[in-house]
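Per-chain numbering from 1; labels A, B and C assigned in written order.
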Amino acid sequence: MTILNAILQGIFLGAFYAVLACGLSIMFGVMRIINLAHGDVAVLGAYIVLVIVDRTGVSAFVAFLIALPVMVVLGYALHFSVLERSLRAGILTPLLATFGLSIVIQNLLQLAFSPDVHSLGGSAGAVTTSSWQVTGGLSVSALGVLVLVTAVVVFGALQLLLSNTRLGWMMRATAEDADAAELVGINSRAVYASATALAVVIAALGGLFLGIRSVFDPVSGPTQLIFAFEAVVIGGMGSLWGTLLGGIALGIAQTLGAQIHPQFAVLAGHLLFLAVLVARFGGARVVLRTAR
Amino acid sequence: MTLLAVEKLDCRYGLLQAVRGVSFEVGQGETVALIGANGAGKTTLLRAIAGAHRPHGGRVLMDGADINSMPAHRRVSRGIALVPEGRRLFGGLTVMENLRVAASRRPGRWSVDSVLEVFPMLQPRRRALAANLSGGEQQAVAIGRALMSNPRLLLLDEVSLGLAPVVVDAVYRSLSGIIGEGATVVLVEQDLTRALEVAGRVICLLEGRVVLEGRAASLDRDRVVSAYFGLKRPA
Amino acid sequence: MKVERWTRTSRVFTGGLAVSVVILAAVPLIFDPDVVQKLTTLLILVLLAAMWNALAGYGGLLSVGQQAFIGMGAYATVFFANLGVPPYAAMLVATVVAGAISVPISLFALRLRAAQFAIGMWVIAEVASIVVRLDQNLGAGTGISLIQLNQYEPNFRQAYTFWLALGFAVIFLAALFLLLRSPLGVSLQAIRDDEDAARSIGVRVASRKRLLFVLAAFGCSAAGVLVVANTLFIEPGSVFSVQWSAYMIFMVLVGGLGTFEGPILGAILLFAIQATFTQGGPWYLVGLGATAAVFALALPRGLWGTVEERLGLRLMPVGYRVVGAKREETDG
């Protein structure tokens, strides 16, 4: 029963990772870049929600809705200030530039909010405390269900966007061949920028869940980035639904690892990620060939 | 009336100069064929007109207005559409999506339905991924995709390349229908006979320069061939 | 027209560098231990910058996980010292052992591209950090001291550590220098300029990259060894911190990615900045991060690369230059 419960909690945890990873997956899918500041953007989102909650007293969910337009603006600003330039400059530049940005965001947050930890759990209402006891060892938390349902809705909505709307077609066309997309009248710059804005908004949703589920501080970002990236890679880079499954696989690995020893949780996730990389890139084959 | 004017256009790839001081005009309703050997600069010239290649010098004018600094997607809304070399379809999108993503706000006769009417072979393939189409079907989608923006100037780059002769015939039948309706077309074609048939006027490029220009009907084939290969004209 | 490696400037500079190594070797005899300790830190930074540049600047491999080797080098030192190996011998053994771990890692890590490699290495560093935290004998999460060094008098200890740092810096920089000048160096620069083109003319890209990866791992392990020797105490939270990568990226980007001299300049700059802003703090890190991002976007060749480009100046003869050839107008 504890194993079953661990798997269930792993699915809930993994749905959270999938939400975090979603934006990373969109940006990689459309622009072939990984934003190393993605985790910090999520944490920034959590702080913006926190500020709105503190100022107005609304619930964290309402505050998130208020924060949405801010995140859209931040997304466009991120794109036109950093990403657009770096896209034109080879494959290492986006990584270097966003790594620098990551350090900037973390330390600006330190300056604005002190290094103390914060949580949005207190302002999210009953959802954080409610749960259903299915049987003795199996409990379903309302928050876990909420995150899972949200993740499925987010990925489903993205699927609809990509396959049924003009913006979706433009994103897919630009991702395949930006030059040809321009020739059929698609403004590839604008498409890239809206992909970034979308990624930032979903990252903020991940930040909201991070804040409600647990605590965050100005340097929480890099850990979130690693988990998000692991989810993307485990699910197969560039595959949308793969990212959801990858997140869930990562979540389950972590909760099962925690069954062995609390410190094994994160380790188990890392090892799953590395194992997937080894399996996918034929590391095993190389080892054999070298040994011969 | 002049629709497109190219003035002293220079195009370079690094140190390689592909187009050197090319000037010509295309009037409303005209069909102009650009001919020349491989590497003569035809593709580069079309890409520069469409905005996909930034010229090093010279100007491109549409309706007398300088569009040099205009990005490719805005030229599409001005009415320029290029069917690029190698077709460049979005392979992960279906035929319908390839067409729809290219629809513009410009009013005109072209829509998904009218494109499918001109290229009936695409009817049963509407939901197929572009990557899974045959060469002829892909070329039809590429032309249809360009038409979706209701262009006033259609640029066609080697539409017959890699296609079976029968398929080329079918593509050109559809094209002559479109041309017959009064569209303005600049096309690059390797097949000289085909080019002389379709075009009203022929411009021959050699090593990036215009070496011969004239009405298709008034040019004799030998002169075109010698210009094409850069042979000295008999004295 | 002739091809030459050595210019007058590079001869003078390389000679000057050799002389300055000799002068540096005398530092512990003249200065206070705390000055010696600071200069040891500078040498560690130079070593780290040169190694990160070897990876990214010549191999096109952007790692944000070199702290894996820094941490493993540091912890291996403590591990071997605790086994009873004399501390300075333990440092040499630790460098070799931690560096050698890069060989199995390279078998799969080098197959990863851009972000996969960058974050994959980061995850490896995180794994190493967690493993250390699980081991009570290595102080778990709270850290551990290299108590065996207390057997030396502080002045001597600091001097020995400094000489070790100087030795490591000279060995690894010389190794990189010779590597870049060897026939291998030409293929490395070809890879840096255009990996696909290099592969198409038959350069064995994978084995060349492995060479750089292993060299950088040994260099970073040596730096980790020096960190524990210089500070006497390590904890997994800081020695495996991604902050090391931030410093390396800053030094190399500001100094000049893919130049031999640039990272040394970058290390001196970072050292000067750290000496000025002794309080550290968020603003200082905001500055470092923003500077790195701006250099990546606007000045990708860094300070040294830009100077080199503008003035044709080259202090270390790692490349070739063509003299007396007329610049022909390439046309057609």
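Throughout what follows, a residue touches a chain if its C-beta (ideal position, glycine included) is under 8 Å from a C-beta of that chain, and two chains touch if they have at least 3 such contacts.
Source: prediction; values computed, not measured.
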| item | value |
| --- | --- |
| Distance-maximising chain from subunit B - centres being C-alpha averages | C |
| Dominant chain pairing [most C-beta pairs in contact] | A-C |
| Chain centroid nearest the full-protein CA centroid | A |
| Between subunit A and subunit B, centroid-to-centroid distance (C-alpha), Å | 44 |
| Subunit B and subunit C, separation of their C-alpha mean positions in angstrom | 54 |
| Interchain centroid distance [CA atoms averaged], subunit A/subunit C, Å | 32 |
| Residues of subunit B whose C-beta touches two or more other chains | none |
| Of subunit B, residues touching subunit A in the complex | 50-52, 71-74, 76-77, 81-82, 84, 88-93, 97-98, 100-104, 145-146, 148-149 |
| Subunit A partner contacts - residues on subunit C that touch it in the complex | 56, 60, 62, 64, 104, 107-108, 111-116, 118-120, 122-124, 126-127, 130-131, 133-134, 242, 245-246, 249, 253, 282-283, 285-286, 288-294, 296-298, 300 |
| Parts of subunit A lying in touch with subunit B, wherever the complex brings them together | 166, 169-170, 172-173, 176-177, 179-188 |
| For the subunit A and subunit C complex, residues of the former touching the latter | 28, 33-34, 36, 82, 85-86, 89, 91-93, 95-104, 106-108, 110-111, 222, 225-226, 229-230, 233, 237, 261, 263, 266-267, 270-271, 273-274, 277-278, 281-283, 286-287, 290 |
